[in-house]
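Here you go, one structure.
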C-alpha cells in the first residue's frame, strides 16, 4: 500500500487538556511525531519567559503543535464532501499543521533577535534538509517535503490550504489562544471553537465563515485582544526577555573579545560566529540555554554573572511607563546619569515597545500578512468581517503600542546618596 | 515591626489555573518565594517522566508548592477562631507547606534510587543549612528553620499542624491530585475541595472531617485511586523511568571505570563519588540532566549513547504484563536468551512493580505512615473513615501490585532469524 | 423519497448546556420533537420535588429526552460500519431514545403511587394510540410505532438495540447523571462519557465496553452511587414527596366522600375514579397540579389546606433516622401519641425507605432488570465488569437502605405542654 | 438579642451551580427566603419564553435572587473595614439584593405590557404591604421595609448602597449574565467575576473599580453585549412573546365582550378589570397562566384557541427582517392583504423592535438610568470607563435596533392560490 494511505492498526489517541483528545490514524503523522526534530519541541516552551509571570505557563511547543494538527483534522472532517475541498490535500494540510513551528529555537523571540535568525527559515530547512522529518515526508514522494514547506511559507498554490494554517482565524491561533489561556489560568482566551469550526466553509481560495457564526468570531477576536494585552505583552514577561537578550549579547561580546569561559560554551560557538549549521541549530534547546546560564552565574565577568543570576533566580528589572518619543530628553539624561553612576547602559537600561493590531484586514497585500476573515452571507456573497461586525470594526486596525523602560531597581537603590541618585529617582518616578 | 508580622504593602496575587488565585500577604512568604532554592523548583517537573505519556504534564514543582501553600492558607482561614487552632502557628504552617518539596532533585524518583539519596533529608538541609531560605526563615527567629523542618519531617510536637501537611487528606495530596489531573487532562482527579475545606475541623492532635462531608471525601479517595492507576503508574511513564535509571547507572559505571567523556560531566562527579555537597545538589536540575543526556547521545559508549537517544527522542522500551513471582523460570530463560543474543540484560531487561494502598488506615503507627482520616460525628465522637464509608471500606488496605517487564522491541525485531529470536518472541508474546 | 430517508434542508442544532449541541438531521426526529405530546415534557420536571432541595434542578424531561437522543446519535456514529451494527435500526434507536420517557406524568413518582399508574404503560399508549406522535411514526410504516414501543419495553428482538436504551450503562443513565449533576451543581455525576462512547462496541445481543475503558466505567458507577445518595434520595426531596403523596390521597378521599371543592378539580375526576383516558392523562402536567394545589390552599378542609400550603410555600416535614424494623414499638407508640394529641397519622406521620443497588449484575434474569456491563477483553472474550474491577466488585449488589421518619415539627412544637408532648419529643430526639 | 443580630445556629448553605455555594448566616435572610412571596419566585421563570429557544433556560427567579444576594454578600466581605463602607448597612443591602425582583409577575415582559403593570411598583407593595416579607422585615424595625424598598427604587440616600444593587456593573447584572449563560449553554456570558469583586472599592456615593481590573470589566461589557443579541433578543423568544401578548389581549377582549369561558378564568378577573389587589397579584404565577392557556386550547373562540395551541405546542410565528420605518408602505399593503385573506391582523401580524445600549454612560441623569462605571486610577482619581477603554468606547452609547415582522407561515401557506397569496409571499420573501 502507498505510504500515504497507510493507517495505524489502531487509532492512537493523545489525552489533551485543551481539546480533550488528539486523534492519529495516519502512519505518516505518527511517524512524524516520533522524529527527533519533532520531539525536540518538548524542550522549547510555547511562551518563552511567560512562566515567570504566569507560573502555569510551562507548556511546550510540542503541546501546541499537536493541538494545531488536531484542529486541522477536525476542520477537514467538516470539509469532507464539500465543494472546493480536495481531499487529496488532506495529508499535506495535516503535516503542515503539525510541523509549522518545528523551526523554533529556545526562547525564540530574544534568540532570533540577537543572532539574527528566522525560525521560518529553519522550519523550511528542517523539512527539506537532512533530517528524520524529511526522510519520513519523502516516503510520500520526493516533492512532498517541498509542498509542506510551501504551505507553511504561504506560497503554496492552493490558497485554501494556506488559509487553514495561516489567516486571521487559522488553526494556529485558535489553538494557542485557548491553550495559553488554559495554562496561564486567565479567564480570557475562551471562545466557542466548536461553533466556529461548524460554520467554516471552503471556497476556492480561502476558508470563510458563515454569517450565522459571526458572534463566535467576534468573541474570538476579543479573546485575542485580551490575550495580547493581558498575557503576551505582560511587562514582567518582557522584563525577563530584556534580561535574556542582554545575556546573549554579553556572552557573544565576551566571546568576540576572546574571553575565557570556565565551561566552554561549545553549543554557542557557531551562533557567535554567525555560521550555524542545521545540526548545531537542532542541538539547541532550553535545557542547553539554562545549563549555560547557570554556569555563567559563576563566571568572572560581572555583567554576565549578574544578568544570569537575575534570570535564573527571577530577580528581574523593574519597569515604568515611558514613551521614548515624547520623553526623548529624559532618556538621554537618564543614560548620562547611569553612566555617571557607573551602570553600563548597554545592559541595564532598555526601552521595550510592544504593539498589536487585533484584527488587521486592511493590510492585506502587505508582505507576510495573514488573510482577512470573510463572512459567507446567506445570499452567497462574501463580506469582510469588520463590515458586518460593529465590534470588530471598532477595534480593527487600531494599532496600540505600549512603551516601557526597564532598569535594575536594586542598582539604583544601592547608589550612594547624592545628586545623581536623587535625579535618577526623580526621573524614574515620573 | 517584628518580621513575622510584616505585611506586604499590597497583597500579591498569582494567577493559578487550578486554584484560580494564590494570595500572599506575608513578607516572609514573599521572600521565601524569591529565594534561589525555591525558584530552582521551576526547573524540576512535578511528574518526572510523565510528560512522555501525557504531553500536558509539563508543570513544575514550583507550581505545586504554591498550590499547597494556598490550600493551607484557606484551611487556616476556616480554622480562625476555632478551638484547638493556635494562630501563632500560622506562619509555620504556611512556610512548611511552601517548602515541603524543596529538596526534590531532577526526576527524583530514579535519581534518588540510583544515587541513594533522600529528598526529605535534602529538604531538611536546605531549610537548616547555608541557603537563602534559611536566611529568610531565621529572620523570624533562630529556631524557626528547625521548626519548619520538623513539621515537614512529621516530628513537630503540634500534631494538628503536622496533619495539615501530612495525612491521608492533606494539602499536599489535595493539590497534586487536582493539579496533575488538570495538566494531564484526565477526567479523574476532580473532587469538591471547597466542600472538604469547609468541613475540616481542628482537634487537639489532627484535622478531622465533619461527617456531613463524608461523600466528598469518598470522591477524593476514589480520585486518588484512579490517578494512581491511570496516571502515576502508567506503564509508559515507567518505561521512560526505567531508561532514565539505566542511563544514570551506565554513566556512573563508566565514570568508575575511568571512561573519558567528551564533555566532562562535572555536575555529576560528586554524585558518582557518593559525596555530594548541598551546593552541588542545588546546582542539579532537569536542564542540567537533559544537557548531559543530549551530549551523551554522541558518546563512544554504545549503551550510554543508545539509552540517551531513547530518552531524548522518546523511543522507549516496550512492556508486557509479567509477574516475576509466578514466571520466575521464564525470566531466567529470557535473561539467558538475551545474553546469547548479545543484549546486555543489565540495561535492556527490567521488571518494574508498582503498588498502591489507596487508603491505608490500619498501618497507622508504622514508621513514616500518614495519619488516617477521622470523621467528626454529630455527637462529637470521632470515627475512622472506613468504618462509616462502605466504599472506602471496600478498597481500604487492598494493596494492588502491577508487574511489567520492559525491553527494547527494536533490538528483538532486529535479531537474526533463528531459534533464539523465535523463543524470545514466544516468551514475550505470552 | 421515503419518509424515513428525508433529511432536513439544513441540520437543526439545539444548544444544550450538557452535551453542548444536539444535532437533528432526520425529518422524522424533527417532527417528533414538534408534537404536542413531546412538547408536554417541557411542563414536567426531570427531578420532581428535587428543586426544593437543590434550587437549580428545575429542568424538564424535555431537556433530558433530547439528551438521550443525542447520546444515541453519537453512539450510532461510532458503530457505523462495525460488525453487528445494522444501520437499518438507526431511526428506530433514535426514536426510542427520544420517546422513552414520554409517558411520564407530573411528579411521576408520587403520582403513579397514589393513582396506581405506570408511566411505561402510558409511554406505550402514547406511541401506539391516537396521538400526534403515533401519526408521525406511522409515516415510516404501520409497524414502526409498535417497534419503537417494543424497544422501550425491552421486548424488541434485536437485543443490541434494547441494550443501547436500557442497560446498566445506557444512554438514559449517562444523560441523567450528567444532566442532574449539572443542574443541581453537585460535583459528583461527572465521568468521561466521551471516553466511554469511544470504547463501546456492538455485539450480537448487547453493547459491550473495551477493557481499556474500564476505569472510565468505574468512575461512572461511582458517580451513580454518589448521585443516588447525595441527590436522588436526599431526605428533603423525599419530605416534599411525602407531602405531595398525602395531598393527592387527601384530595381523592375528599372526592370519594362527596366533598364540595371551591374550584372543581375537573382535571382530576377521571384519576379519582380510576378510569383515566389517554386524552385526560395527556392534559395533566405540573402546571395543572400546581394550579390546583394553590387553589386548595384556600379550601375548607383543614388537612388539604395545610398540606398544600406546606408544599407551595416549602414548609416541609422534618425527619429523623428511623428504622421501622428495629424500632417497631416506638412507631406504634408514636402513632398512639399523635392520635392522643389530635394529629391525624394518616397524613402527618410517614416512614419512607429508599434503597439502591449501585450495580446489580447478578440480578440478571429477574423481571424488568437492566442488563449487566460486559467488558471486551483484548483476546475477544467478554467478562462481566465486577470480575475485573475491584471497586465495582466492592460495591456491586450491596443493597443499601435508608429509613427516615417524617413529621410536622411545628405541630409538635405547638402542642400544649404535658406528658404527651414530652414523650413525643423524647422519641423524636432518639 | 436584637433580631438583626440573630445568627443561625449553623450556617445554611445552598448548592448553586453558578456560584457553587450560597451562604446564609443571618436569621433575617433565612426567614425572608422562607416567606410565601419569596417561594413564589420558584414559579416564575427568569427568562420568560426563552426556554422555547434554549431548552436549558428553565430556571426561575428564585434561583437568580439567591445569586444576587450571594454576590452582594461577597462584595460586603471585600468592603469590610474599608473607608466609606458603613457596616450597619449590611443587612439592608442583603435584603434589597434578595428581594429586588420579588414583584415580578408570570412572563413579566408581556404581562406588564398588556395589563399596564409595573413590577417595580409591585416589589414595593410586597415589601411594604400586608405580606409575610413585610412582617419579617419589620422585626428589624418599623422603618426597615421602607428602606429596603428605597434601595430597590434607587431613592435611598446612601448612593453607595444603591449602586451595589443598581448600576452598570451591579450584582443583579453580574448574576444574570452568568446564570443565563450557564442555563442556556451559550459560551458567552463568562467573565472573571472573582477578579471584578476583588477590585471593587467603595467610595462616598458609588462602587468603583480599580484600574488594574479594567480588562475584566471589558470582558463583562462584551459578555453583556453578546448575551443581549444572542439570547435576550433572540427572534424565536420574541416570537413566543408576541403570541403570549396576543393571547392575553384576546382573552381580555373576550372578557370585555361578555364571552362565556368554559372554565371561568377567575384568576384573571381583576386583571381584566384593571383593578388588581396585592393578594390577587401574588396568586398569579406561570403555572396559573399555563393552566388557563391549556384550557383555552379547547375554547370556542377560534383566535384564542389557535393562539393558545401555538404557545403550548410551540408552533410559533415565523419572522423576517422588517424595518417598519423604511418599509412602511409594504406594511400597510400587507395589512390590507391579510384582511383580504381573512386573517385578523390584530392578532396575526406584529412588528417587534428590540434595542440595546450595551453601555450607556452618557445617559446618566436621565430618569431611571443606571449609574456609569468609574475606574479608580492609581493616583486616586476617578475616570469613567469608556475614557480609558478603547473597546468600551467603541461600543458605548451605540444603540442598535433589530426589527422583525412576525406572522403565521402556516396560515399563509394554506391560503388558496391566487393574487393575494402570491403578493403576500412576495412581500414576505423580501
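The letters A, B, C and D name the chains in turn, as written, and every chain counts its residues from 1.
Everything that follows uses one rule, which is that a residue touches a chain if its C-beta (ideal position, glycine included) is under 8 Å from a C-beta of that chain, and two chains touch if they have at least 3 such contacts.
Worth saying up front: this structure is predicted, and the values here are computed from it rather than measured.
*Asks:* Taking touch as defined above, what minimum step count separates subunit B and subunit D?
*Replies:* Minimal hop count between subunit B and subunit D: 1.
*Asks:* More contacting C-beta pairs: A-C or A-D?
*Replies:* If we tally the C-beta pairs in contact for A-D and A-C, the bigger total goes to A-D.
*Asks:* Select the chain at the greatest separation from subunit C, using centres from the mean of Cα atoms.
*Replies:* Taking each chain's C-alpha mean as its centre, the farthest from subunit C is A.
*Asks:* So what's the Cα centroid distance for subunit A and subunit B, whole Å?
*Replies:* Centre separation, subunit A to subunit B: 32 Å.
*Asks:* So, what's the distance in Å between the C-alpha centres of subunit D and subunit A?
*Replies:* 45
*Asks:* Give, as an integer number of Å, the spacing between the C-alpha centres of subunit C and subunit A.
*Replies:* Measuring from centre to centre gives 52 Å for this pair.
*Asks:* Identify all positions of subunit A at which a residue touches two or more other chains, and write them in rising order.
*Replies:* Correct list: 20, 186.
*Asks:* Write out the stretch or stretches of subunit D touching subunit C in their complex.
*Replies:* Those residues of subunit D that touch subunit C are 14-18, 20, 34-36, 39, 42-43, 51, 54-56, 58-60, 62-63, 66, 182-186, 263, 266, 283, 285-291, 294, 312-315.
*Asks:* In the complex, go through subunit A and note every residue touching subunit C.
*Replies:* The touching residues are 13, 20-21, 194, 198.
*Asks:* Spell out the part of subunit B that touches subunit C in their complex, as residue ranges.
*Replies:* Within the complex, subunit B contacts subunit C at residues 186-188, 190-192, 195, 215-216, 218-219, 222, 225-226, 229-230, 390-391, 394-395, 398, 400.
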